[in-house]
Amino acid sequence: MSENYSNSFLREVEERVEEGHWVKMCMQCGVCAGSCPFGPHWAHPPQEIFMMIRAGKREEVLTSDSMWMCTSCYNCVVRCPRKLPITHIMHGLANYAHRLGIAPKGQPTEHFATLFWNNLAETGRVNELKLSLGIYFRDGFSQGIKNAMAMQSVGLGMLKAKRLNPFELFAPHGVKDKSGFHAMLKKAREIEDRRKPIA
Amino acid sequence: MAKKTYSFYPGCSSQTKASSFNYLTSTKSMCNLLDIELKEVPDWNCCGASIGYAEGGELPRITLSARNIALSEQANPGMDMVATCAACWLSTRESKERMDHNTQMRNDANEALKEAGLVYQGTQNVRHMAEVLVEDLGFDELKKGVKNPLRDLKIAGYVGCQTNRPFGLAGESFENPVYLDNIIEAMGGEAVPYDQKVTCCGGALAFSEPEKSQKQIKDIIESAYDHGAEMIVTPCPLCQANVEIYQGEINKRYGTKFNIPVAYYSQLITVAYGGSAQDAGLDSQLIRATKLEEIAKK
Amino acid sequence: MADQKVAAYICQGCGLGDRLDTAALAGVAKKEGKAALVKEHEFLCNADGVKMIRDDIANEGVTHVMIGACSRRAKTEAFGFTDVAVARANLREGVIWTQPDNDESRETTQEMAEDYIRMGCAEAKKMMLPMGNPAAATERRLLVVGGGVSGMTAALEASRAGYQVVLVEKSGQLGGWAGKLHKRTPAKSPFQSPQDTPVAEMAAAIEADANIKVYLNAITSKIQGAPGRFEAEISVESGVTVTEKAGAIVQATGFSLYDANNLPELGYGKSANVVDQAGLETLATAAKGSPIKRPSDGGEVRKVVFVQCAGQRDDSGKHLAYCSGSCCSTSVKQAMYFKDANPDIDTVVIYTDLRMPGNGEDFYRSGQDKGVIFTKGKVSSVEAAGNQCKVNFHDLILNDQTAIANADLVVLATGQVPNSGVDIDSKLKAEIAAAAGDNSLLEAYNASQAEGSVKPVSMLNLNYRQGPDVPQLKYGFTDSHFICFPYETRRTGIYSAGPVRRPMDMAQAMEDATGATMKAIQAIENAGLGRAAHPRSGDLSYPIFRKEGCTQCKRCTVECPFGAIDEDEQRFPVFNESRCRRCGTCMGACPVRVISFENYSVDTVGSQLKAVDVPDEFSEKPRVLILACENDAYPALDMAAMNRNVYSAFVRVIPVRCLGSVNTIWINDALSNGYDGVMMLGCKHGDDYQCHFVKGSELAGIRMSKIGDTLKQMGLEEERVATFEVAITDIERVPQLINDYMAKIQEIGMSPMKGF
Amino acid sequence: MTDIIATNQTILVVGGGISGMTAALEAAECGKDVVLVEKNPALGGRVSQLYRYFPKLCHPVCGLEINLRRLKQNPRIRVLTMAEVTEITGSEGSYSATVKISPRYVNENCTACGDCSGAVDTEVADEFNYRLGKVRAAYLPHKMAYPQRYVIDPSIIGTADAEKAKAACKYGAIDLGMQEEVVKFQAGAIIWATGWKPYDAAKIQPYGYDRYSNVITSVEFERLADIHGPTGGKILRPSDGKEAKNIAFIQCAGSRDENHLRHCSRICCMASLKQTNYVREAYGDEGKSTIYYIDIRAIDRFEDFYQKVQKDPTVTFIKSKVAKAVQDEKTGDVILHGVNTEGYHRYATPHDLVVLAVGMEPSVRGANIPAEIVADSSGFIEADPANHALFGAGCASNPLDVNRAVQSATASALRAIQVVNRVARVEG
């Protein structure tokens, strides 16, 4: 109670969350909340999250499912009368929660986004087959088979349409300068951790 | 018109036998027909897409784009860098803006890039192929080369999100961009007005939140059908894949009978310019664009 | 009177020649109107027509001109002869544009036109060319009461325009409320940070200005006179009283902060750490640039909560009902006192609607940028707990009953209460009611005065019949009721400025004071020329009073909406011409008809209505007199005519300055002359009155409510006199009202008074 | 040729709306000579296009009538209509102004009889009614127009219609050969009172003003309610002429928005509160008004008005910036989507008509004034010594309500008088 409506969480967000310094500029008009295509699925729409941050509701915000609902459509961004980069703030908050390890357990988008990044980071390019298999098998082998079977027609169709390559598993696309690429990402991560340390 | 040359960033989905292989095929054909030369950025990497945020964070994501731009600047100096994928364009352009407006960000990115022996200079414009068509050629110019006008073909131009927001094409509105409609009309087709032109297809969360994103797709397709569209055309590979691939799923979930082809503007142009169905990559459609194929046969 | 020569001119343009027998009209003017000179012209308003009239004035000795053409509102410049009295007979809008162009209507249309010619001639004959107020006086100094930012602005601006100023300030120094501020809210781009107040600079400029004479520790203990000749007794604390003359007055007596002691539930008085906005300014000024300390123990301030609308926007009737308009920006400014010094101090502004209009949005953004937290919420209570306070509130966004438990300082944004002195209207209202026979209000008023309760102190001490201060509009503010005319207080030559007029911030007060000074200077200039002030600005007529007939009934002195009439020792009215607005309310009020204007009198109207030819009761041609407010009802009739909205040919319209000027003798005369009815069209009255003379239409309503008895005596139905509220936009409604009224007259039948 | 007698003791007032008229009248009634320049064919400006004022609900043309009467009888004011200031040179106390006067094709002989109007067939957009209706190409701008003189629309010059108008006039008032004139004259001080214009609502894309017929602006709504308006005062919606009973008011349409206008336009909240009264006036308890707002800015005594409207059961307040409007193709209803932020309630509500409370932008932004001038980021003229004797008045200086605009104009008159009085003292 003593820390509510104080600077502490707001300051934390400003320092450690992508574009977090914008949070204080929200004027609670709610246009973002109404503009989101996944709006009804947000327990707390962006404008409310901004208010919660200012009210010091750290736990509620960071453990929330809401930011993970962002589809990166930028509707909110272009309508915001204060020009807040809301999409990025939502990404930033989700990323922060992820790094702190307090995102909701089993959050599917967190899982997919992590897979996606690791997938691209490995070779420098996305391996679509591995990515989709990764999704299907997230809940274990048997569920994975089930999921894959359910999506079989889609997969087969893509295969027939030459838009899915079974050999991606063995000879994936990728950058040639893998070592440079990996070193670059490692460095970037290092700087990022320095700039935005986790508490 | 003199030949135009661009530094080309195809992106992961536009690789051989990747999910938007047909985009790549048709883009290449289209550019041939329009006398556009594309010089691929050597050794490009994934843009990170927006979904990369959770694990990737801010700087690593920006660094990915910085590397691509740096490679482009190095290999194809003096050219604009052009992407066909909406997400690639957006990520790259956004990263460029961040680095250009924030010195610390630029220095940090360059510090990381140094590990790969590269440097970001910020000398190139980052553009989408649609910008090239609209701004560098123009609708009148596009109209000139039409050999097989897409007569009687009613098409819903589905612009979606990322070529439209937050940057969009110059002079276009976020709520009702018309460039895609204009391209359709320039090719002799009929652009149907409908109210879901810029609705998000939920593509970024298609895997993680399938029910929610499929609801988005359902609304889009329904509106297109309601307004008489026979086909949907898009500038975005994620939109294309998402709207095309899940029609069967949606039919199961909602009892609908969707079966509408979803193509790229590059496929339309290729066909209208006299290219074959194969040139246009129409053989790679999950839902065959039969009317377009017929026109291509002429 | 001897050399009066009336000339009548009848226009044939705009279809008048086609629709009317103008030769017959000329005949009427000659025979019945007794015009010495009658001319027809095919296009009277063009250069040739106007020249013809001018020549007649120059060569033929014409002194009174009757123009039978269009409405008096049209071609005003062409027919604006300033050296003769001019009457206009409205044949175009008043007759041919409102009557159908067909054979059946030809006769009644012509009759209508002939009546207007008769009326015009009759009016012209009774008019005199106004010669200007003989009591004009030319004192050009400005008296400014109040030495805050508004008063100082008024003084400096007047001096810059070349006028001398006497500035009276009740305290020992200039600056007022603004002088107590640490900083002010920004008034210039980029509207981001608090600025220094201009007080020191202005005070120095005043001191250095030879045109401005300052009295400190002084009040105006008595003010008498009128624009151009005010005399103010200025009493200085030392006991000295001096008299200063002034041509006009700016009242800039400012505001007091609403007493936060009325807000114990918000912790005021219970904790030293709960202050009002003035309290915070005091703390900030006392800190002299070092951190503001917690009042209770001098401890460090880490968290400040600002409670907006404290005791304001209150619908319970306990506190101020209004919004003071400036407190939101003040709180943002005060939060910046902390944030600019140390960004780690938490500042929370709890508001329901943040009201920072215009560029205030930039200041709001700047506050957010500096880290001030804004939250939409309603504070229910503030509890003191040791050296901290707990602010209980409902966060309306998060829908959370919550609290901030560790506030080191709580600032209550209480509002502005005007220093406007005595509310003179309650007594006046009682007196008007008493004059109308209802003494209850007056008795209640007297009782309230007798109780010996605390009475407000007058700000101006005007030695006026109607009371010592400027009438208040609402909540004690002396604002104008007129949206288009914000400076029109009901005391000519006295203009209020700054927060005494309406709640406002410093930038607005300075702008307001500049405007008020403009009006004051204008009042000085016009008083010197004997001309009326707004809304009949430029009018050279003035009330002429025939003392020998006066019965000392006091109606005029009580009813004058502008308090222009005082009373002498014998209770005869004393007209202060330069306080008069020429509305004629006194003329309408006078039961013995001893008040008139040169160009507008009981006779100018009375003779018109009597000039009308009233057909006998078997003619099936009733006559209804319409007395129409010249500012709203009459233009509405004109515009109805432009739309060719038809109304009855049996009405005859006379524009009046205000229904307040309608003397009941006109009604009596009309009815005894055989008119079948009288319609009075005036402006809306009540809270949102639209009468330009404030109370004219209301007073007319009161007077007419008593006409029933007269009608009864005459054996007439009550419906024969009717009053309607009409707006200038009623272009369809007014013709409808007329036609409905004619139907009613038809129903009750012709007046039995005809032919007497 | 238009002759203008002006000296360095003359005050030039640019703009003949309520602020310009006020500045001109206040100065003239103080004995100063004034030239009043107005770009439209009639004086009165934007307030003459309002149906009622808040908070009294009185009619703006009532004040206009008084101001016109003051003006008609005051020989010190020279009025130039259809005139625009194109250049200002010189300095404080001695400016030279160049004014372009467009041809009206009707001279001072005009009696406003209307015969020319009856003779022409061509119709042009009715600017007075925000182009919601049409007028004959020979027209009187509105019923209260001053000068009370017709205008021939330039589009018919050279056509048979123009000749018909000329032939219909019995007074030689129509002069089809009239040419644009450029006049130049002196002035000691200049009051810039060019007022405001409604922000271009089409730019606020999510509300679809350019796409949906039943999305209109607040200034257009004034014309719908006004008896002089295109519907004769009936609130009918554009798509199908149906009575619009369920009306939404969207606040901050352009204002307080960094994508549009950075400032708060101050008047829009009160304007919408006022307009809920129009709905009540027209439909009584059957009417329904919904106000979507961020903060209700009913400042100072206007709070009374807000509280009164709040008590009206037909009026609902929703704290929300509407995200998007969509007009249903079949019903014509406009569905508003958004979230009520007081406690997070999502809505998708159909309305018969949507009124955008559009913001104010200066008619002539500071940068476009033909003189060097200090203006704020929104283009409003600031009070700054660097502006010398060029003074902003009314909404050219700030987004203001009528009352405050008149205050500002009155203050500007004094500032101008200070200059010309100084000139007079020097000139003796």
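The first chain written gets the first letter, and so on, giving A, B, C and D; residue counts start at 1 in each chain.
Assume a contact is a pair of C-beta atoms (placed from the backbone, for glycine too) under 8 Å apart; a residue touches a chain by one contact, two chains touch by 3 or more.
Everything numeric here is computed off the predicted structure, so don't read it as measured data.
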Pair sharing more residue contacts (C-beta pairs) when C-D is set against B-D: C-D
Most centrally placed chain - per-chain CA mean versus overall CA mean: D
Geometric centre distance via CA averages, subunit D-subunit C, whole Å: 24
Cα-centroid distance, subunit B relative to subunit D, in whole angstrom: 46
Mean-CA-position distance for subunit B and subunit A (Å): 22
Distance from the mean Cα position of subunit C to that of subunit A, given in whole angstrom: 64
Shared-contact residues (touching 2 or more other chains) in subunit C: 376, 397-398
Contacts with two or more other chains, residues of subunit B listed in rising order: 174
Residues of subunit A touching at least two other chains: 27-28, 47-48, 75, 78-79, 82
Pairwise touch network: line, ring, star, complete, or other: other
Complete list of chain pairs which touch one another: A-B, A-C, A-D, B-D, C-D
Subunit C - residues contacting subunit D, complex: 13-15, 43, 45-46, 70, 73-77, 80, 157, 160-162, 188-191, 313, 315, 321-325, 353-362, 376, 396-399, 474-475, 477, 479, 481-487, 502-504, 508, 511-512, 514-515, 517-519, 521-522, 525-526, 534-535, 537-538, 631-632, 635, 639, 642-643, 684, 688, 690, 692, 727-729, 731-732
Residue ranges of subunit D touching subunit B (in the complex, touch as defined): 205-206, 208, 211, 324, 326
Residue numbers on subunit D that touch subunit C, as the complex places them: 18, 25-26, 29-31, 51, 53, 55-67, 69-70, 72-74, 109, 111-114, 143-144, 148, 170-171, 226-228, 256, 262-266, 295-304, 307, 319, 341-344, 376-378, 380, 382-384, 398-400, 402-404, 406-411, 413-415, 417-418, 421-422, 425
Subunit A residues touching subunit D - in the complex, by the definition given at the top: 27-31, 33-35, 39-40, 44-45, 47-48, 75, 78-79, 81-83
In the complex, subunit A residues that touch subunit B: 18, 37-38, 41, 69-75, 77-79, 87, 91-92, 94-95, 98-99, 108-114, 116-118, 120-121, 124-126, 128, 131-132, 135, 153-154, 157-158, 161-165, 168, 173, 175-177, 180-181, 183-189, 191-192, 195-196
